[in-house]
Amino acid sequence: MFVVMKPNHSATDLKQVLKTLAASGFEARISATDDKIILNIEAADAKPLSGMFVQKISALSGVQDVVLAERKAVEKEIQVGNVIFGAGRFAVIAGPCAVESEAQTLRIAHAVKAAGAHVLRGGAFKPRTSPHSFQGLGPDGLKILDLARQETGLPIVTEVLDVRSVEVVSQFADLIQIGARNMQNYTLLKEVARQKKPVLLKRGMSATIDEWLMAADYILSGGNENVILCERGIRHFDKHTRFLLDLSAVPVVRSMSALPVIVDPSHASGRRDLIAPLARASLAAGASAVMIDVHDRPHEALCDGPQALLPAEFALLMESLRAMAPALNCVMDAENELRPFSALQGFASTPVGYQA
Amino acid sequence: MFVVMKPNHSATDLKQVLKTLAASGFEARISATDDKIILNIEAADAKPLSGMFVQKISALSGVQDVVLAERKAVEKEIQVGNVIFGAGRFAVIAGPCAVESEAQTLRIAHAVKAAGAHVLRGGAFKPRTSPHSFQGLGPDGLKILDLARQETGLPIVTEVLDVRSVEVVSQFADLIQIGARNMQNYTLLKEVARQKKPVLLKRGMSATIDEWLMAADYILSGGNENVILCERGIRHFDKHTRFLLDLSAVPVVRSMSALPVIVDPSHASGRRDLIAPLARASLAAGASAVMIDVHDRPHEALCDGPQALLPAEFALLMESLRAMAPALNCVMDAENELRPFSALQGFASTPVGYQA
Amino acid sequence: MFVVMKPNHSATDLKQVLKTLAASGFEARISATDDKIILNIEAADAKPLSGMFVQKISALSGVQDVVLAERKAVEKEIQVGNVIFGAGRFAVIAGPCAVESEAQTLRIAHAVKAAGAHVLRGGAFKPRTSPHSFQGLGPDGLKILDLARQETGLPIVTEVLDVRSVEVVSQFADLIQIGARNMQNYTLLKEVARQKKPVLLKRGMSATIDEWLMAADYILSGGNENVILCERGIRHFDKHTRFLLDLSAVPVVRSMSALPVIVDPSHASGRRDLIAPLARASLAAGASAVMIDVHDRPHEALCDGPQALLPAEFALLMESLRAMAPALNCVMDAENELRPFSALQGFASTPVGYQA
Amino acid sequence: MFVVMKPNHSATDLKQVLKTLAASGFEARISATDDKIILNIEAADAKPLSGMFVQKISALSGVQDVVLAERKAVEKEIQVGNVIFGAGRFAVIAGPCAVESEAQTLRIAHAVKAAGAHVLRGGAFKPRTSPHSFQGLGPDGLKILDLARQETGLPIVTEVLDVRSVEVVSQFADLIQIGARNMQNYTLLKEVARQKKPVLLKRGMSATIDEWLMAADYILSGGNENVILCERGIRHFDKHTRFLLDLSAVPVVRSMSALPVIVDPSHASGRRDLIAPLARASLAAGASAVMIDVHDRPHEALCDGPQALLPAEFALLMESLRAMAPALNCVMDAENELRPFSALQGFASTPVGYQA
């Protein structure tokens, strides 16, 4: 948790904040940017802070902001259907970018299940840059996803675009996705905070890491503690990829927050040939999962065909990820017992300023 | 209007598209990017294309997208209350970032009116990066703005955040603002397209110019032809300003679209001392208006105080803009007769590839 | 002048630095970034600090860096041939991107002189992204520029690429240009610091403003006090322009340094149709000059033809700049008496944190 | 190899180019950007093209540029001392950022040798943003590196800044580094092309991948075929890391060029705690090596201490890289026999547009 003080707070304000924190057993490290004093509060344990305590600190004189995503060495465990994200496990989400038809969705769902995927992805409501592009099947798409779940046993992640659809999407989905374009759609964040399903929060395409964590705080402070963060590439100046995958964000977020962080190399790169090396790099960088577009007829895909792996390519990728996981002390199969997170990955928790 | 062909379209598809366009009197220039064939359609006159014609082209085999914002030499004229935007005029929108109280809003409204502002700005619903920051007065703020309009005669621009508030905001506002964080909130764009008031569409903080124009097309193709575009700064790597004001976007948009484009130097720079030079540069670059934060007690402001001009500074800025306008052949006062747009500014319409 | 303290300096170090400054009549404001303590030293007058004093401060225990570009309200005056840059004047540099032949250079030199340009530009040594592109005429190009100077009376600016050519270029040029790709070529900066001609230092295409000013300090601290800074666009994610012109950099630099800052809209935008609006915006933003590519046969140009104005377009631009200058209280003609810099532009010197 | 045609080339020009290529056994794929026609020439084998053939094509009418970095499935093998880079092997370069003293350099050299590093890094000439920072020991630093090589047997990589030092640096170094700030210092590139040692070319901090490959072509076409590329982070908008490590660049470069590409996570991130996860991610993304700053007393380092691993941390990182390498079918120890590059990594050579 970070407490940001107002530019014009008094020394008395600051002392009162520190006393209130100490009374609840918190220690604070202090730092300053050009224009702000920031208190970095070390939570004594891994549990999220109570909303009431946050309200109490927020209400103190001289306090401008309270930022919730707390720094922790151990990732939070979040359950999506029967799959666990975080806590030293590695999961794979796969499926078509968009639900196009029942036949297409079922074919791909069975293929990714056979290759060992843990969760099925598929968009029923699609945000499209142009109003004249395919906008998704809507509620009919949700029913197709439900059928795919029944047939394969895979939990479902799908995106919600509209506050008025949150209820219906949360009935069908096991994990509700907030897309990059809606990361700062605060109305929508407040609405998903009010329902019970876990939320996958994609990073905005030019969001700073702090803004991303503060967007997560809209959901956490709204009462929903199960947020998974997803890096999906940011704006850049080069033309060889659609966006620039920011893999440093994985260990940076892990040094600041207990929330699991996953990576979507398909939407980041927009290129089939880059997905496998970037998925492997995501695992090596400490991500809790990857999310991969798979399509068996990419040339016919209504959305983002050029970035989908073929089922056979996906199966090969899964094999290589399983081969790598033990060297990273990471549990990849859902049936494995829960083990503490990797000693090797533990480098990420070495304090930045540490000196021998 | 641009027609983007699917990557795998056939020559027959292309010929059918060209025939359909020609039958309605349109000529097309053809160009190619790495992966697409694009037809740039020159509209015969300045009127927006009919939605039916766009639907017809969109439905043709091989067509991927139709992009509406057409290239025109003359800006569209858009009326906001009794003020005209575009068509060679220059307007100034000013007021507090947020409506904080009736007294604060009325004081500032009278001050900016006295200095010659044309439209009053003020946020009743505020999108804030942190859930713990001041979120605006909501409907009470709208009533305060209404009172300020009655007292000063200035039309009102205010932001809408939620599809469920579009109706109430459009009752009160003369110009409805879509903020940068919602530029790709397509649900909200479709909803504001259905009401009658003109819309101010801010550029997303990492939106390309094409994405911005396609967001405008969500509103245009939804039936609302009155869209004003607002450049407000994009992400960058330097720490001296909050965002990087992209003034090139002004002549670039003017070369591609008839929609008026305005500039917000306050939110772009985040620094009081940069507002005046950047507002003058906006006028010189061909903007139709600037939007300026003004606050008489910036140290007490609940939102963005460091970027607000004091009323006296704002009055000096207005004087300097009025001094510059004639040299740019630009009409700054609302009561002036409508004149054709500047011959000097006309450079902007010289085709890029022109050779003597 | 900024003094940056080492991360591990002691309180005694800091006190000694402050005492040494005070003994010479300087006051310091203190600020902190994430990892550094920075002293912002207000020079008592507009003269550059002596190199000896800078050496003395640099040598104190606990001092990491001394950054020279000092904050001043009044721009330094720098003489290039018979033309004065800075101090409230506005100059125009124009000419071909590259010297291609004697005939081409003389034709264009006479054209820009006739339109009122103050300085002639032309590259004899060209830095090219590909080794297979035209690399310039070299020393023969310098002789052609010399001839053009004799015929028109215009001083010459031309680029130097190699430490081994600094001597010959400084014999011919009135103003020596360091290109964007060499902004951090410290070997070259040190070498140009040792000769007597003024230096035009272009901003690197991804340089922060602080890095740019520190590159200038390589020249200033090397003994050459006559540095003019040139903004020429930075990297960005949009495809409509080659680089993104950062006009905010003009008032930002003016708030930090006495060095004149000018703008090159030709290389920034890469588009003929954007040059005129961006040149006018540069003047309005407070630039001391613009540098414009002009070519009478752009379709035959060996380098950057699409970004050159035709002579007739350039003449129209000059007219519009002359029309604007008085409203900005700016002297555009070389024969005008020297006047103190504009009261309007004076906004730029309002301290950022100022509150009524 | 790419051949870029001039904007105004004729159909006859194009036909002559294609005929000349075909006569030497080359096939061309054609593509177009907004303003250019580009021929992508598939070399029949992995050998670099002869300079004479490139000159011949460059001289044809209508040809603007010839770009050499050819697309190949198999990496080129480059020998640095007794160590091989590329061709399915993974090497580790480690050592201090700067050579500070004989004792410091020898201590660290022995430590990284003991942990299994293949090459020793150390800067004798340092490019520093500020003229007042430590600039390196110069020629004395080279002698210290020579001594460290004699004691440990490790080959040496060190940076050259000045064309006048190329000769002395190439006498001492096994691998000559061109730093990011000099990537487009074409004078220096031409000079290192003329000596015999392999060259490590760091990517400029805002260079596109095409610009980076064209900078490599200055060296290749100058006669030195042994170029290793090094990704070291690009400019970005977030404050949690110094630069943004672009790991996508690794598979992108591998899809375009046979030159080995390596990664420097130390200078990219600037944070000790991020180095290990990013080094592992570099291996997983297909890099041929990583370059790691190591310092045993980082709090005393004259340069970049906060980004150096301690020797014990470095030894742990080496262990984890060795554990991962087999799963990536990658040879990490120098004494291993040469094996063809990984089948798994082979995904990178799947053509982007491939469809089942």
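The chains carry the letters A, B, C and D, assigned in the order they are written, with residues numbered from 1 in each.
One rule holds for everything that comes next: contacts are C-beta pairs under 8 Å (C-beta built on N, C-alpha and C of every residue); 3 or more make two chains touch, one makes a residue touch a chain.
Predicted, not measured: the structure shown is a model, and the values here were computed from it.
Novice: Enumerate, in label order, the chains that touch subunit A and subunit C alike.
Specialist: Per touch definition, common to subunit A and subunit C: B, D.
Novice: Any idea whether A-B or A-D has more C-beta pairs in contact?
Specialist: A-D
Novice: Could you work out how far the Cα centre of subunit B sits from that of subunit D, in whole Å?
Specialist: For subunit B versus subunit D, the centre distance works out to 45 Å.
Novice: How many Å are there between the centre of subunit A and the centre of subunit D, using C-alpha atoms for each centre?
Specialist: A distance of 33 Å separates the two centres.
Novice: Counting only residues that touch at least 2 other chains, which ones in subunit A make the list?
Specialist: Expected reply: 34, 206, 234-237, 239, 299, 306.
Novice: Quick one: in the complex, what on subunit A touches subunit D?
Specialist: Checking each residue of subunit A against subunit D gives 206, 208-210, 234, 236-241, 244-248, 250-252, 255, 268-269, 271-278, 280-286, 296-299, 306, 310, 313, 316-317, 320, 323-324, 327-328, 344-345, 347-356.
Novice: What residues of subunit C sit close enough to touch subunit A in their complex?
Specialist: 31-34, 235-237
Novice: For a test of understanding, state which residues of subunit A touch subunit B in their complex under the given definition.
Specialist: Spelled out, the residues of subunit A in touch with subunit B are 4, 8, 34-35, 54, 58, 64-67, 127-133, 161-164, 181-182, 184-187, 204-206, 211, 214-215, 217-218, 221-222, 234-235, 239, 299, 306.
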